[in-house]
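Shared chain: subunit A. Partners: subunit B in the first complex, subunit C in the second.
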Partner chain A sequence: MNILFFTRQSKLLKPALLLTTLLLGFVLSLYGQSEFSLQASDLWRLLIAPDSGDIKQQVIVSLRLPRSLVACLIGFNLGVAGLLMQGLTRNPLASPTLFAINSGAACLMALNSIGFAFFSGLPGEVATFLGALCGGLLVFLLGGGLGSQSNPLRLILAGIAINGLLTSLTRAALIIADDKAYSMLHWLSGSLSEVDWQSWSQLWPLSLAALLLALSTTRGLNLNALGEQTATSLGINISWLRIRVCFAVLLLTAISVTLAGPIVFVGLIVPHFARALFKNNHFILLPASGVLGAALVCWTDLFSRAIVPPAETPVGIITALIGTPFFIYLVLKGKL
Partner chain B sequence: MSLRSPFMFAALLLSALSLMSLQTHAITIDHDAGTLTLDKTPTRVVALAFSFVDALAVAGVSPVGIADDGDKTRIINSVRTLIGDWQSVGSRYQPSLEAIAALKPDLIIADSGRHQSIYRELSQIAPTLMLASRGITYHENLAVLQRIALALDKTAQVKARLKKHQQLMRALKSQFNNNDTYQFAIITDKGMWLHSPNSYAGSVIKELGLSSPLAKNTAEAYLQSSFEQLLKTNPDWLLVGQYTEKTVLDKWQTSPLWKMLSVAKSKQLIHVPANLWSLTSGMLAAEQMAQALADYARP
Partner chain C sequence: MTRHTQLLLSGFSLLILLALLSLIMGAEPLPIKTVLQTLIEGGEEDFIVNQYRLPRILIAILVGMGLAISGVLTQGIIRNPLASPDLMGVSAGAGLAACSLLLIWPDISHLWLPPVALLGGFSAALIIYLLNRWHNPSPARLALVGIAISAFLSSCINFLLVLHPIEVNSAMIWLTGSLWGRNWDHLWPLLPWLITLVPFSFYLAWSLDLFALGEETAGALGVNTQGLQTAALLSALALASVSVAVCGSIGFVGLLAPHLARLLVGSRHKLVLPCAALVGALLVLSADTLARNLAPPLELPAGLLTAILGAPYFLFLLHRYKGY
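Showing the complex of A and B:
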């Protein structure tokens, strides 16, 4: 009886720890590193006696809350997208970056900014979202995504080629519009400084739809881990699974990159941590990767504001700074 | 005869020397890539940054080529009216070496911040003066102007103009008698960048004796500012130059927090031309900025 109790307790310990880390990051990011020297007491006062005339409370409600929510959901999305990519390709190196979603978004954003052809007529966010979708779809189709048998090498080569093409187009746009390059470079590093309630209302419905779609693929991904042939013999339609997973990854990453720019490495690192904590069941790994991703982005966003205040360091730079040593660690451990 | 001959000799010698000096200007200038010796006064000058064009206009020399990003309107009006027509030599970021060579210049003035990597290639085309342009302050720019004047043998002319400039700046400075804080910022659809007193526009504002709302020890020239930082900075006057049609300001103005800014209450948010306030640094640009500021602040 006692042993069973402890096993159950230790099973709950990890998720509880994860959720606490996320919650702590969320609460701290609501008042931490503020120009207005916000305190936890301001947060408390907001809860018990909201006052719309108080500038501190307004800063928390109008600026901090949407930013923290968006940071968490984007982290959740990227963590899940990374898990799906690694699960589908059975490749620990796979991440949403492979799908040229980030470079597609960056390319159309840059072309839109310099007023190139018909892109100039579109609102910036629409152009960025379209770019993300087109980049991803192009790699998916060129990489043989609709074929009956998967070909990871072809997918990787398609990803490299399309990424190269889109990146060079982005660079050309940056050179042409030199004066706008500074603000574009800031966006290209991935930043949450401009998100607001409008971003949140654009983010959550699409994310929810994509996450439900992702949830529906967990059984397929569990069986896919045993090899495509085994999965097929167990009744899984691999092509259909691939289409659903790719579509979910595309949506999750595209909406995130549209609102905050490319926040790299989250999709690559997070699934590894999730697997180290919760083994291989995708049904558990999916929320775990999501919560881990959310906590990572939330904490790094808080950290990014603390490096050189009052200026903000783009959060994407911090995730890359954490991601690169982790990547080297994976290589040294022989996990790749 | 015996008395006249030494005078004749001296007169001949002096006139020969003065004729030679017309031919050989031989001047040595310290610049950001060492020293540059010019044997004769340059007449065909190519400028690779807007601040140098401003300096050339002050010196009364029309450049034959400008790296104007293929858009002549990028050169501010007050400068354009003082110089003749020019050939574009491409973008400031990546000027075309062929277009520069085709103009057969006898002096190229390049930005030591941007063009360090092509200094050797430029030097093979013509003597190249490397001077600071990007991210310099008002006083640093005046020092650059004097070096350009030296290279063009226009020191006296520029000095006289500089004196007039200083008088104008003093006169404008005396017109401001408030303790308001002034801030210039660039806005795009991606964010807002505050130009601190270490930037060109910021240093012109400082030169006029106006205060900055930023902390005294701000070292960076350009600070990216979120809405939260703008609320904290809270300038009394906010001058904004737009790079894109839609900007973050459109979004911020719909927030309930906007009303809490001083500029919202006093209606001292002013849209200014970005090519004057951000792209150009130069004496003429400074005069135009200062005059505009005085006009805005006049009750």
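Showing the complex of A and C:
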């Protein structure tokens, strides 16, 4: 009886810990590290006695809350996108950053915002979606990912080269368009400082749709882990699975880049931790990566405000600083 | 006159032509007569020609040479076509060191830049070396590790630039490599290093040919392989770091120039080295000239243009490379 209870408890322990981490990060980011010297008591008062005249409560509701929500959802999206890519390609290094999906989206987003050619007419989300698509496609075409005997290392190296190319193009476009491009540089490093309620209302419907689509592919991804042939013989339509997964990944990444710029390496790191914590079942891994990603972005956002107040460090720089050593570790561990 | 001498001579004259063109073109186009006159006896346009464009052109040539020679030496020793100082994290390390020096002590003499950058480049190389010792990864994997270390160091630079917001053009120098605002003050600290290192690399070139046959064969033929490896890698490191100290890491030149040179003159190092130096100088100079003239008076960083050229070439190399 005791043992049974213990096992049941430990099964709940990990998800509970994850959610607590996320929740703690969320609450802390609502009042922590603010120029307005907010206190936990302000947050408490907001909950029990909302007062629209109180400036501190207004700051929390109109600035802090959307930012924290967007941070969490973007983290969730990127974590899930990384998991989907790693699941589909069976490549532990697959992620929106390394496959140039992030930078492709950022590139077209920049072209769109400076009003370059026909891109200027498109809404932001469509442009980033197209950019993400182009980035990913280029990597697969030029990295030989479409051939039957594709080498995972080659795919990653191609991804990095295209990443560099697209980033350079983005920077060039920004500089030509505007000699005061410093704020755009900020955005290009992935920053959450510009988000508001409007971004939230832009973000959640598309994210929800993409996440539902992602959820529908979990069974296929589980079987895909056994190898493409096995999956096919078990009744999975691989091409249809690929299309759905790719669409979900592109949507998840594109919408995140539109709002916060490329926040790099979240999609690479998170699935590895999720797999270490939970069983290799995508139905569980998907929410787990999502929550881990949300917690990661939420905490790094908090951290990025804390390092040099009042200046804000773009979140993307912090995730890059965390992500690259992890990337090196993955490469050297040689699971390719 | 052999074919190779002809090739080198024509490359050299091309470089001079390009330099002249670069003196003429810009936000303020000048007639060639004025330029030549100003070069010799000064005059009204002295500032534009002698103080602004000329040092910049000279720096572009020197830096291009430095990066290219560094690339030849690295590829020769590591025998990995994907190796180059900027893909091994050396450029980023040197850039980080130089950039932090300038951000912390903005008024420090430029003479300090090369040694400090050298220290940074050396530390980055040490990390790669240690990782290589511990894990002995395959060449392609090593390239990946080098790129990751570069990315890490670049994020550090990015981070520093957020902490100390500076003018966007100077920030671009450290983010992508640019010759914006470089003048005589930046040229002088560079010179002594290059004057010693370039002839030394030419001296090494004689033994590098034997090294290409494999370490054991080279040893049997009387090459001190250990010494050669150390000397070549150290001078490659120094050349790359010193170049980066002045104008940031202008990407892909160290990768591109040796390959192009080998396409032109085959694989004998005493031909490849001068040829690569010429190609490197041409690359950086033309990138900078183009960068200044695409949308005057705005300036693009030269490093962006070399990256736009270099990244596709890197993809081509990947396509051809078989040793994963």
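By our rule, the second predicted complex is superposed on the first by the 267 of 336 C-alpha atoms of A that agree within 3 Å, B and C clash if a C-alpha of one lies under 4 Å from a C-alpha of the other, contacts with A are read in each partner's own complex, and residues count from 1 in each chain.
Note that a residue touches a chain if its C-beta (ideal position, glycine included) is under 8 Å from a C-beta of that chain, and two chains touch if they have at least 3 such contacts.
Because the structure is a prediction, the values reported are computed rather than measured.
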(message) Just to be sure I read the superposition right, which of the two partners does A:D51 touch: subunit B = first, subunit C = second, or both, or neither?
(response) neither
(message) Between subunit B and subunit C, whom does A:L142 touch in the aligned arrangement: first, second, both, or neither?
(response) second
(message) Looking only at contacts as defined up top, I'd like to know whether subunit B or subunit C touches more of subunit A.
(response) C
(request) Look at A:I176 in the shared chain and tell me whether it touches subunit B only, subunit C only, both, or neither; answer first, second, both or neither. (result) both
(message) Taking the superposition on A as described, I'd like to know which of subunit B and subunit C A:A311 touches: first, second, both or neither.
(response) both
(message) Based on the A-chain superposition described above, do subunit B and subunit C contact any of the same residues on subunit A, and if so which?
(response) 175-176, 179-180, 182, 186, 311
(request) Give every residue of subunit A touching subunit C within the complex, in rising order. (result) 142-144, 151, 153-154, 156-158, 160-162, 164-165, 168-169, 171-172, 175-176, 179-182, 185-186, 189, 308, 311, 313-314, 317, 320-321, 324-325, 327-328, 331-332, 334, 336
(request) Name, in rising order, each residue of subunit A that touches subunit B in their complex. (result) 34-36, 52, 55, 58-59, 62-64, 113, 123-124, 175-176, 178-180, 182-184, 186-187, 191, 193-194, 196, 198, 310-312
(request) Would you pull the subunit B residues touching subunit A in the complex into a rising list? (result) 69, 91-94, 186, 188-191, 193, 215, 220, 222-229, 231-232, 243-244, 246, 248, 251, 255-257, 260, 274, 278-279
(message) Looking at the complex, which residues from subunit C come into contact with subunit A?
(response) 82, 131, 135, 137, 140-141, 143-145, 147-149, 151-152, 155-156, 158-159, 162-163, 165, 168, 171-172, 175-176, 251, 294-295, 298-301, 303-305, 307-308, 311-312, 314-315, 318-319, 321, 324
